[in-house]
Structures are given as structure tokens and as C-alpha cells.
Amino acid sequence: MHLTEFQPKTNRLEAFSDGVFAIIVTIMVFDIKLPALGSHPSPTELTNAFTAVAPRFFSFLISFLVVAIFWVHHHQLFHSIDCTDRKLLWHNNILLLFLSLIPATAAFLGNSPRLPIAVALYGGVLLLSSLSALLMYRYAALGGGLMDARIQISERNRTLRKYWIAPMLYALGIIVAWPWPIVSLAIYVVILIAFLLPERLFMVAAEDVENES
Amino acid sequence: MHLTEFQPKTNRLEAFSDGVFAIIVTIMVFDIKLPALGSHPSPTELTNAFTAVAPRFFSFLISFLVVAIFWVHHHQLFHSIDCTDRKLLWHNNILLLFLSLIPATAAFLGNSPRLPIAVALYGGVLLLSSLSALLMYRYAALGGGLMDARIQISERNRTLRKYWIAPMLYALGIIVAWPWPIVSLAIYVVILIAFLLPERLFMVAAEDVENES
Amino acid sequence: MHLTEFQPKTNRLEAFSDGVFAIIVTIMVFDIKLPALGSHPSPTELTNAFTAVAPRFFSFLISFLVVAIFWVHHHQLFHSIDCTDRKLLWHNNILLLFLSLIPATAAFLGNSPRLPIAVALYGGVLLLSSLSALLMYRYAALGGGLMDARIQISERNRTLRKYWIAPMLYALGIIVAWPWPIVSLAIYVVILIAFLLPERLFMVAAEDVENES
Amino acid sequence: MHLTEFQPKTNRLEAFSDGVFAIIVTIMVFDIKLPALGSHPSPTELTNAFTAVAPRFFSFLISFLVVAIFWVHHHQLFHSIDCTDRKLLWHNNILLLFLSLIPATAAFLGNSPRLPIAVALYGGVLLLSSLSALLMYRYAALGGGLMDARIQISERNRTLRKYWIAPMLYALGIIVAWPWPIVSLAIYVVILIAFLLPERLFMVAAEDVENES
């Protein structure tokens, strides 16, 4: 096969990625196992069991939603792409590499939710994930000529500007983790909510930021 | 890409969901590991090993069948839908979030099958799962205009009424868990059998309930 | 949707099944973890580590090949089917239920390879898996009218007769597990080899059995 | 079904393989779990935790990239194949069998990075994986008549020659593991980098080797 001809449809890239997304999302729940209790545990035992599990559940919930957002945006991107090439495959592999680190760092965070290094590592993985998603989008939209020609350049640039918000805020979160890990966690939740809001609202907010800067 | 245009085919949503369903269903079996026994264990050792595993196996079996039912209904729903939209993606993500909590609560139930809180938590996750499946069906059938137009409104409403049975019975199961956890488990099994029965029989039963109310 | 109309294509059933097959096959390897050793372990430590792992590796290898055979036959069956129906979905779900018990019983066998109950349980799961595969084939080929009409009835019956060999031999394996667990394992390996042989050879053998009986 | 007619499309083989690839790649990260630390661990505790995790992270990273390379080449191969047959299914199953051993041997390597047997076992699994990928390519390209006729024989042979490099270098890595495990690891990394380099550069290097030999 002439390697210059290797421009397959995106279906296998999507299937492989869907598999990785599905596993990441499902397997994280294994860290919120509750301990075996007898049929008549004391109130203290119960409280302890649930208190121990609470930060892990929080960490699972955040991470599930973060990965789901990455999946929705991945889906949106590949909806506007017909063919892929070797470079895009590797952009995608790098994204999946960082995403696959989420369960491990989420578990560490769930075990030590006030430890600056745990908060920063979690943010670091999300920073790298959102940065590699951004670079993949940029390659597809501007570099590789792979995106549907009907999507205007101005629109692509707007999406790119929006995508810059996440890694910049994660970087801020990592920096403030040492004095105030709680503030970092709040920043991660704010990013999450911003990306969960209906796109239209979000775009307005992003344009405001853009106009102010 | 104009976001108003984002109405992709359902194939990626289905692939991602199939991955999550497949993992949930397969991974639960890991909680029914039997202990390593020598080549000549005493009858007591054997009995203890199998007695310890029995409730976990029961919990696995129920959960496998519950998730398989969700999968069959998910399949049926998306068979009658051509395109999806952002809202439906998130309805689906929320459903998968609750379904992905089944293994953890099933494991807790398998370890403490007579503990009211374990029985109630398991029922709670199934309640939230069936409720979010119901809301997803309602959005697809009534709100989003995504469903095949040949399916009549009366038929959609009949399916919706049927779907209400599950969360209502799960709620009942949760309430009775404190005095009688065994009764709750019996209710969960009844719901399971009702949804496993051939659709035709079930519809008759559902219509009876409907006529009486 | 009229339920009598629910005859979807087989692609989702295949995707869900492929997910379950892929997970079963991959996750079993987790039981053959080698212990952490220093950089200069004594020969005894090394020998012990590998001796402990050997039966688990054997159990993994057999199970991987068994599941791969099920996958190949599943693939062959659905290659000759265009549409599915609710009954076939449940035949498939039951098959996946039994297949998903393979890792747990394989792990038990790997830990206690000479324990009759472990050998018999493993054989029991394979017996139930092969029996439900047989029943699914029979429903698709004879009952449901789902199979490609170009495949002649005589050919379908021949495949069915072949499929009976596996559950009958597994039943034999279970029976002899109590006096001679090693003989049971040998029977399982023989079944495996028979199904791994090129189809043509196998068919001849099956016809010989058929003619003799 | 006439078995001679069993030449299905490659989509199920690809879906099953994508599932296995996705699981292998994602599940390895479970070995790099960080221990639970309090909110004020001593510097020594932190250093110990990260020192313990470092070789496992290195092992994960190498293995992720190796499996991703296998996936890209698998993708490339099946991009040039329309139909499959029983033999190709089994070539693929054997490849997946060896690939599925990567997480277990990677974990062993991560725990004992300087132990010759751990280094050699890891290399052995990669040797068998790359050899079975090579044999699968050879069957598809030369034996089975399955490859797109537009791909010239000279090109197929060039790819085959390139594919021989990996198993030969892995064999070298295994041999030198006993005196110098670090050198083996360096060889594995060199193979990795060679296959990560842009194809064009790599082809030049391969042709140089070819001309010299």
C-alpha cells in the first residue's frame, strides 16, 4: 500500500476510541467499593464506611463527567471529518494515552483529596488531555485538510479559542494546589460546569472573555 | 460546525453504550471469585467457600439480567431513532453513569445481602437508572422529534406508562428495605421477571394496572 | 413501535457480543500476575513463582482458545443471519451470561487445578455455554426463520449434530472429575483441539461418529 | 453454510480486535496505582511512593505505545483487505493472544525492572506478538489472496522485510537480558522509536539495512 494513500475512513479510529472511553468510564467505579459490613453494623461503622467512600465517589463523579465531555467533543469533531491519516491516528493515540491516566490519578485523588500533589497530578492529566484534544482539533481543522469544507475557518478558530480555556484553567488549578488544594478542586468543577452548560450560553461566555482580552 | 446542525447518526452513541454495557456485565463476575483451596479441602472448607460466594453469585445473576434488559430496551429505542442530538447524548451519558454504579452496589449487596442500606443503595441505583432510561425515552419520543414518525403517539405513551412501573416499584423496594430487606430483594426480582416475560404478556399486565388506576 | 416489527439488523448484537468476548479474553490474564521479585532472587524463589503461575497460565491459555472458538462460531452464525428478533437477543444474552462466568471458574481452576469441584465447575460453565450456543443456533436455523435461505436444511442439521459433541463431552468430563480430575482436563483439551482442527477434517470425524451411532 | 463460502467482511474481526486493543491499553494503567497518603505526608513518604511507581509508569508508557503501534499497523493492514477467512481469523486470534499477555508481563517488569527474567519475558511476549503480526501480514499479502490487488508484490515484500526487524531485535534484547537487562530495555525503546518515526524516514533506514545485508 502506498503510505501516502493511507486515508482510511474514521470508523476504526472511532471504534477503538469508543472502547477506550467506555473502559475508562466504567472501570473507575471499582475504586468506590464499599467494605463488607455485617447485617447489624453500628452507626459508627456505617458512618466510617461512607465517609471513607465519599471523596472517592466525588472523584469518580467528576471524572465520569469529564470523560463524557471529552467523548461528546470527540464525537462532534469526527462527525465533521470524513477521512483520517497517520498523523491524526497518533494525535488520537496521544489523547487516549492521557485520558487513560485519569482513573489512576482519580483514584489517588479519591484517597488523598487534600494532598496538593494528588490534586495537581489529577489536574496535570486533565491539562495534558485537554491540550492534546486541542492540538488534535487544530491539526484536523487547520493543518491536515481533513475537515468538512463547509465548516468556515472563522468557526474553527472560535472553537479553538474555546478549547484553550480548559488547559489554561487547569494550569491555574495546578499552581494554586500547593497553598489551597480545595480552590484547585473548585476550579476543576467550574471547568466541568462550563463545558456542561448548553453550548450557546458557553459560546457567549467565551466571546466575552475573548472581547475583554 | 454549526451546532444546530449537529445531528449525527446514532452509531457512535450505540458503540460507546455497547462498550459500557459489555464492560458492566462482564466485570461484575470478578466479585464472585472463589478462594484458592488445596487439592483435598475438608467438607467444611468447601461449604464455607460456596456459602460465602452464594449471595455474590445471586447479586451477579440479578445484575447481569437487569443490565441485559436495559441493553435490550436501549437497542429497541435506538432501532426507532435515526439521528441523535446533544441532548440525547447527555440523556444517554446520565443513563450510563447510573448503570456504571451497578457493579459497585451489587458488590456491596453481595457482601452484605441482609443489610438494609446495601439493599436500598442497590435499589436506588436501579431506580435512578430506570428513571433516566424513562426520561431518555420521553425526550426521544415526545420532546426531541427524533423518533421514527411511523410510531404512533398512543404507542409511545403506552411504552412510557410501562416504563413508569419499574422506578415506582424500586422506590417501594427502597422504602421496605429497613424493616424487611428480604422483601425488597423479592420486589427487585419481581420487576426483573416482569421485564423478562414475553412483551405481549407484560403489556396485558401493564394495561390491567392502567385500567385499575 | 410495533413489537412484531422489531427485527433489527444484527450489528448491535454483534457489537455488544464482541465487547463481551473482548473483555472476557483480555481480563483473564489478570490472574496470571507474577509476584514482585527483587533484582537478585534465589533460584528457589524464581522456581516457586513460576510453579505457582504455571497452572493459572495453562487455565488462561485453554480459556482464551475456548472463548476464541466461541467467537469464531458466533461470527460464522451471524454471517448467515440478516435480522434478529427479541428471542435471538435473549438466546445471545444467555450465551454471554455463561461465557462471562469463564474467567471466574478459570481462576478457581488455576488456583486449585487438582480439585474435582474446580474442574467440574469449569466444565459445567463450558457445558452450559456450548449448550446455549447450540440452542441459539437451533433457534436461528430451524425455529426463527432468520437464517439465509440458501443454507440447506441438511447442512444446518449437520452443524447441529456437530455442536452436540461439545456439551456431551463436557458432561463426561464433569462426571469423571471426582475420581480423576486430570482425565477431565484431558477431555477439555481434546474438545478444544477438535474444534481448532480445520473444519474439513473435523467434519469427517463428526460424520464418522454419526455413521457409527 | 458452505464453509468454503465463509469469506465475511472484516468489520467484526476489526470490532473484536479494537475491543481487545482498547482493553489492553486501558487496563495496564491499573498497575500504576499510587498508595493512599495522608494530607501531610513527609517528603520521604512522597519520594518513596513516586520512586516505587516510576518503573511501573515507564513500563506502562512503553507498553501503551507498543500496543498503539500494533493497532496502527493492524488498522493499515485491514484497510487493504476486503474479506477475511477462517485462517485469517485465527492468525488474528493468535496475535491477540500474545498481545493480551503484555499487561501481565509489563506489570512483572514494572515490579522488577532489573530482573533479567522479567526483562526477557516482556521481550518474549513482544517477540511473539511481532512475529505473529508478521505471519498474519504474510498470509494476507502472499498466501490467502485477500489483499487489494492494487498493492504491488514488491511493496508487500518491502513491508514484510521491515516487519522482520522487530522480532529480530527483540530476540537480541532477550539474549542480552542476562548480562545487561538495561541494554535490553534500551533495545526495546529503540524498536519503539523506530516504529514511531514517520514512515518515510523509517523506510529509508530499512532500505539501508536491506542494502547492507
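Note that the chains are named A, B, C and D in the order they appear, and that numbering of residues resets to 1 at the start of each chain.
In this text, a contact is a pair of C-beta atoms (placed from the backbone, for glycine too) under 8 Å apart; a residue touches a chain by one contact, two chains touch by 3 or more.
Here the structure is a predicted model, which means the values were calculated and not measured.
The minimum number of touch steps separating subunit B from subunit C is 1.
Its C-alpha atoms fitted onto subunit C, subunit A is found rotated by 180°, rounded in steps of 5. Copies subunit A and subunit B of the same chain sequence form an interface built mainly from non-equivalent positions, shared numbers / all numbers used being under half.
Comparing the CA-atom centres of all chains against that of subunit D, the greatest distance is found for B. Averaged Cα coordinates give subunit B a centre that lies 38 Å from the centre of subunit D. Rounded to a whole number, the gap between the C-alpha centres of subunit A and subunit D is 27 angstrom. Of all residues in subunit A, those that touch two or more other chains are 15, 18-19, 22-23, 27.
Remark: subunit D residues 1-3, 6, 8, 12-13, 15-16, 18-20, 22-24, 27, 86, 89-90, 93, 96-97, 100-101, 103-104, 107-108, 111-112, 114-115, 117-118 touch subunit C in the complex. Those residues of subunit A whose C-beta lies close enough to touch subunit B in the complex are 14-15, 18-19, 21-23, 25-27, 29-30, 32-39, 41, 46, 61, 64-65, 68, 71-72, 75-76, 78-80, 148, 151, 155, 159, 199-200.
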